[in-house]
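Chain IDs A, B, C, D, E, F, G and H follow the sequence of writing; residue 1 opens each chain.
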Amino acid sequence: MIFEKNDRILFTGDSVTDFGRRRPVGEGLGEGVGPGYVRTVESFLNIFYPELNLRISNTGNSGDSSKDLLKRFDEDVVALNAQWVSILIGVNDVWRQFDTPAIVEDQVSPEEFRANITEMIEKIKDKTKGIFLMTPVYMEPYKEDPLRKRLDEYGAILKELSEKYGCIYVDLQSAFDEYFKHRHSSFIAWDRVHPNQSGAMIIANEFLKHTGFDRNRLL
Amino acid sequence: MIFEKNDRILFTGDSVTDFGRRRPVGEGLGEGVGPGYVRTVESFLNIFYPELNLRISNTGNSGDSSKDLLKRFDEDVVALNAQWVSILIGVNDVWRQFDTPAIVEDQVSPEEFRANITEMIEKIKDKTKGIFLMTPVYMEPYKEDPLRKRLDEYGAILKELSEKYGCIYVDLQSAFDEYFKHRHSSFIAWDRVHPNQSGAMIIANEFLKHTGFDRNRLL
Amino acid sequence: MIFEKNDRILFTGDSVTDFGRRRPVGEGLGEGVGPGYVRTVESFLNIFYPELNLRISNTGNSGDSSKDLLKRFDEDVVALNAQWVSILIGVNDVWRQFDTPAIVEDQVSPEEFRANITEMIEKIKDKTKGIFLMTPVYMEPYKEDPLRKRLDEYGAILKELSEKYGCIYVDLQSAFDEYFKHRHSSFIAWDRVHPNQSGAMIIANEFLKHTGFDRNRLL
Amino acid sequence: MIFEKNDRILFTGDSVTDFGRRRPVGEGLGEGVGPGYVRTVESFLNIFYPELNLRISNTGNSGDSSKDLLKRFDEDVVALNAQWVSILIGVNDVWRQFDTPAIVEDQVSPEEFRANITEMIEKIKDKTKGIFLMTPVYMEPYKEDPLRKRLDEYGAILKELSEKYGCIYVDLQSAFDEYFKHRHSSFIAWDRVHPNQSGAMIIANEFLKHTGFDRNRLL
Amino acid sequence: MIFEKNDRILFTGDSVTDFGRRRPVGEGLGEGVGPGYVRTVESFLNIFYPELNLRISNTGNSGDSSKDLLKRFDEDVVALNAQWVSILIGVNDVWRQFDTPAIVEDQVSPEEFRANITEMIEKIKDKTKGIFLMTPVYMEPYKEDPLRKRLDEYGAILKELSEKYGCIYVDLQSAFDEYFKHRHSSFIAWDRVHPNQSGAMIIANEFLKHTGFDRNRLL
Amino acid sequence: MIFEKNDRILFTGDSVTDFGRRRPVGEGLGEGVGPGYVRTVESFLNIFYPELNLRISNTGNSGDSSKDLLKRFDEDVVALNAQWVSILIGVNDVWRQFDTPAIVEDQVSPEEFRANITEMIEKIKDKTKGIFLMTPVYMEPYKEDPLRKRLDEYGAILKELSEKYGCIYVDLQSAFDEYFKHRHSSFIAWDRVHPNQSGAMIIANEFLKHTGFDRNRLL
Amino acid sequence: MIFEKNDRILFTGDSVTDFGRRRPVGEGLGEGVGPGYVRTVESFLNIFYPELNLRISNTGNSGDSSKDLLKRFDEDVVALNAQWVSILIGVNDVWRQFDTPAIVEDQVSPEEFRANITEMIEKIKDKTKGIFLMTPVYMEPYKEDPLRKRLDEYGAILKELSEKYGCIYVDLQSAFDEYFKHRHSSFIAWDRVHPNQSGAMIIANEFLKHTGFDRNRLL
Amino acid sequence: MIFEKNDRILFTGDSVTDFGRRRPVGEGLGEGVGPGYVRTVESFLNIFYPELNLRISNTGNSGDSSKDLLKRFDEDVVALNAQWVSILIGVNDVWRQFDTPAIVEDQVSPEEFRANITEMIEKIKDKTKGIFLMTPVYMEPYKEDPLRKRLDEYGAILKELSEKYGCIYVDLQSAFDEYFKHRHSSFIAWDRVHPNQSGAMIIANEFLKHTGFDRNRLL
């Protein structure tokens, strides 16, 4: 287990992370982290590693692109002094290119995405024990779909940056692709973006794979 | 124009037709037909053929499969004595096979679908001037997607029955496929099923093509 | 078609344009332009000219007279840098003279109306490809009705200014008058001011007539 | 004053009378008669004739035509055993001919209207001290407006029946026409049908004129 | 009739005047003056003196004592430049002495009341055609009731000031006392303070008595 | 203490008892007895006599007169098999004679009141350990007030019946009269009928006086 | 894994199971099973055993004791024909003995509890592949607490019946007790009865231990 | 009775005191003090000591620890100039150590608690006639429960400070412990912290014991 006693783990990103978490910081009593994948991660860590007293926080914000997240990064990430930061961003950078193609200022190009993520990493790399970069997911297994294809470019940038900066790369898109061999994407999300609770389990499981979580503590 | 003075045109089906129409019959003051494609059709006919005094009614019901529609067909269709009936049903017959595969009683097989539609046609074919069969639409242009592929079987059955019974076959799926050559499906519907107002225009336009609507009345 | 690829078309005015559009700017996902005539125009352009990628925006504001619109014109029109601006204003300038005659500061005289519109035109005429001036409409075909008669003075001013400044004059009042030969005004609006969806079709059709829209793309 | 101690006066009709009155019978504490003209009448009688202890009741029902009122007449009028009954009905009989011309079953012809009112009179004429027949009002002073013109036919029928059966004929339409010489109809009602509080004063005043109300009790 | 063409008449005071009027100024379309006695006055003047085009405004504020009203008098009364101002204040000055006797800062003594009203009069006496001072009312006819007795002192002060400054003194308390000879106070108000619509008629009638209103215009 | 272990004490009556209690029977978790005087009684008995395990129930119903209570007495009182029943009814019998004098069927005369209460007593006198009759209260200390005077007749009937049948007579009116020597009635109730929490303490205290409650258990 | 392809697993019980599940049967789209432990179980099975196509249903009902559950057992359990049934009931049987000790009919004795559970088992034992009996939990680790102590008697009965009838005994109480060695009970539930999401993980984990779930599928 | 005529008694603390009291200061008409124990105290003092005209105020704030209360102490306590101040704080200082152990900044250590309370006392000791320090209560009678045990340390500090500064020490925890010998804690509070109305009686009774309240005034 890479997390240590009293560590704080901060999840940030867009609506997939947000899911109605508490403001200003999603944490604490009454499911402050909101009802998305962060809660699933929190339950695993609370129950199976009670001795670590980990603090799970969520500052995802619905509708954010990487450009939006960068603007609030000092306040919503840096200032919270977490030992670990997990970022899941990018689907809105791409989605807006397809669902509102005429509104160009809401879209983020791959180049700008790379610059945004790089700036985020630079802001926290010396202040954290580790950074997770999760790939944004479009729950369309047909890889030639234009939106999916475009989004894969952004995932590739995250992989590239993870290698460059030593971040922990969490390939959620591949995890969902694997699952969609068994079930249709509409089983997890009607809009191909926002996972239901079963989808949250996929994300949590994929995340925890990279944390040294001991599966023998379960079951 | 195939519609004649004082004709009643009844649209029925699932949520794509329903869209929150008035109960028990969707018609009349204050947009009783609801805010979906039926309204778009109604506006075209009201404004460009005011002399016909057509009556547009809507008895779509959210969540219905062909099995559900058949159960209420006597009350919600036959009893209304419309001169024209337009049916748009089938997406839930198939969707439930993929989004809740374990709940088998909510699903409808192609055979049952054919039987259901046939029974509907039989109930009204001698009482109407014409029956429109619109293909259910899955806004996924990739034809190998399992759900899309499955749904196309149902569309083919509608084509077959249209030919057999002399119904007017409205191939909405092809109309959307054509549009998606220009725009991504997320421009029209987040969930690949429920069209926004622009999608309603596609349906209305496709429907009206089969009515002898004179485009020179516009613009 | 006078609109060119990536052009932005901005509609502004009073409640007839507003209809509950999104704030601060009515545009984008989920019918940000609101459910009035702007949406009908948007649907026509989205569906029949997908290749143009037009951006439709709405900054109408319920209750506004030309005086109110002028006050927010820099922020809500000039700053948005649209290639095309369509203004539909004036009914409140006149209505307040009749429904609340004692509250004089809510009323706008013809002279002030001319000055207000002139100032609006001056602010944008060199920054746009074209300006549409739509006549405000009172859905009372009896032209001697005092309110209707008064409002026609304002429509005449718009015609005069359109000629002077080369604006595109859209005579909505005449379009409605024509329609009311077939149907009573209560078919379109209970209060003689706010059109229902069928009324929105009249406005959209009249607007599009002046845009070179090719009717052969329909049906 | 024609009303005598402990008399009950029952107002019935459509939404102009209803205005949200209490169910099943509109009367009693907390303005059970609703906020329309019945309340204005009630206030005049309560305050200026306190010694009479009159009981004011309201069974108007929004949306009713004379056909609808007749269906509930036994329950909502006859059974209440009022000494005086005032009926204000007919605007929906006509309005539906213009705002939803295709829905014929919601419309009532002059012949049916005469029959309906006659049946109502027959049901109560021997059980009451007096029956008021108030003309339905369309707040459009232009008498050639098709709806206004049509409605005047219904008013004439009420006059005819009043004379035949000795009912008290209250010509509200003329009272409003007189007022509209001074103010535009939009001062009283946006939709030309539902009067605001000032309009309620016109109705109450016109009604009370026929009751022997002594104006010297006021002011 | 003392009011002249285009005069503005401003009513101010506490909840008896407020009754949920529009903010910031209660006037205009849709019963901006609220549903209390101001509306009844407005209806009388609108309907029986349409040629005067009077403007009726309301800046009553629920819960106000004379101390509270004085604080907002410049903004809510002086700045509105009405030709006539009617003030109905004082019941809260006294009520708080009895319903929350321990909270002394919410109470206003007779001396302070005199000073407050005097200051109000001074602020507007040279800017208005006339000032109405209405006595606050406690609907308890038993004059030895401590609250009633106390309130009568405040009414006496208003009489004294009316004589000193030439204001129009409207003795509402006596009007209600007169009425309570016929009906119990619970017929008008459950809490002995807030009149229902019939009570509003008493106030309006009493007010209009001092305006030269010609009763022959009615009925 | 007259109550014995496991006794059930049932309070019934009108809104003064009801106060929003749970349906169908007001008792149990989360203050099922509602927030009125029954709760105050319950708190005293729960806390100072925990060993008795008393069951407190409430079937008061807002708006009830003795006539209404009698109609539901079998279901709401007899069927509950309480050892003790406390009845507080009558204020609506009288109030309706004053606040809606024209609606005679809502009023109950003293004779009918006596008959109603007698019938209630007869129904339970052999099934209970004791019956409390509480006088209805009008919080108007001036005894010549017509409503108060009238209500005192009903209280006298309760005294008479208490003596005749051996019921426990609880003279709430006198208790309030005593209190009003110190505070004005508006301190306890704005409408002279519904006591606030302090008024509930007066009722509870007066009730408990008749139960042998040992004050030495407090404080 | 004891579950086989297409098996239906039905969870029933009280509010701990219910948690706001859909009616009449909690299952299907949009988290029909509600947000409690059933959802956690469902996510594990959906994601890690997708090939089994299991159907998870929930008919828990808030507030139920074993007596209440038995009354609806035919309709809510037997009629659903599940292959597996899991019952979690009993905490209300006991809780009511302590939080409302005077209301005896809401309480269930150990003997009646044994009889109720036995009758449930008898009804389904020949129609199912297996029955899970989960112990009700009071999140109070101090075993001498009277409520906890009492509830343990009911857990022992479930153990006894599991052995007698070959049911699968799931000792949730022990699982929580074990967890409370690390964290205080207020970390999981404020009221010692309703687990939060982390508590749901404890229940799901304990349940799945008895199903042959292969932990190697995770992580 | 230690309270003197016109004294103000201010209660402050956390949610146990707050209970939804009015803002900014909980007092006055319509139960401004909220529905918790402050109201029970208020009712006792209002009813049994009416001649004292005491002013009861409440500035409790839900969720507050002693740290939070100290921050607003100048505004919410000192500025109100009460003759008596009663403080009930500390349960959140401790609760957060157990229900959200990872969020350390929400917790208050015993040392900081002592310092916080001391600073509060210093701020008001020379401005008041007396200060009540009430012990925070955890309704868990098992004294070895870690949270209870921890909270008792804070109670001991209050005792120590009461002795040092001459404050009135109100040992609520012992009062509840005594009561729990008769009833289970779930009878008073589901979450072991927020008392129901019966619990409010315990607190009020314990508080009043220290005020010289004469029990002979009751019953």
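Criterion: a residue touches a chain if its C-beta (ideal position, glycine included) is under 8 Å from a C-beta of that chain, and two chains touch if they have at least 3 such contacts.
A quick note: this is a predicted structure, and the numbers were derived from the prediction, not measured.
Undergrad: Please work out which of E-H and F-H is bridged by more C-beta pairs in contact, and write that pair.
TA: F-H
Undergrad: In angstrom, rounded to a whole number, how far apart do the mean CA points of chain A and chain B lie?
TA: That gives a centre separation of 40 Å.
Undergrad: I'd like to verify one number: the distance from the centre of chain B to the centre of chain C, where each centre is the average of its C-alpha atoms, in whole angstrom.
TA: Chain centroid spacing, chain B to chain C, equals 33 Å.
Undergrad: For chain A and chain E, let me know how many angstrom lie between their CA-based centres, rounded off.
TA: Measuring from centre to centre gives 63 Å for this pair.
Undergrad: What positions in chain F touch 2 or more of the other chains?
TA: In chain F, the residues touching two or more other chains are 99-101, 183, 187.
Undergrad: What is the complete set of touching chain pairs?
TA: Every pair of chains in contact is listed here: A-B, A-C, A-G, A-H, B-C, B-D, B-G, C-D, C-E, D-E, D-F, E-F, E-H, F-G, F-H, G-H.
Undergrad: Which positions of chain A touch chain B when the two form their complex?
TA: 95, 98-101, 140, 142, 144-147, 183-184, 186-187, 190-192
Undergrad: Spell out the residues on chain C that touch chain E in their complex, using ranges where they run on.
TA: Residues 99-103, 106.
Undergrad: Quick check: in the complex, which residue numbers of chain G touch chain B?
TA: Touching chain B: residues 6, 8, 27-29, 53-56 of chain G.
Undergrad: For the complex, which residues does chain F have touching chain H?
TA: 30-31, 35, 39-40, 42-44, 46-47, 50-51, 179, 182-183, 187, 196-198, 200-202, 205, 208-209, 213, 215-216, 218-219
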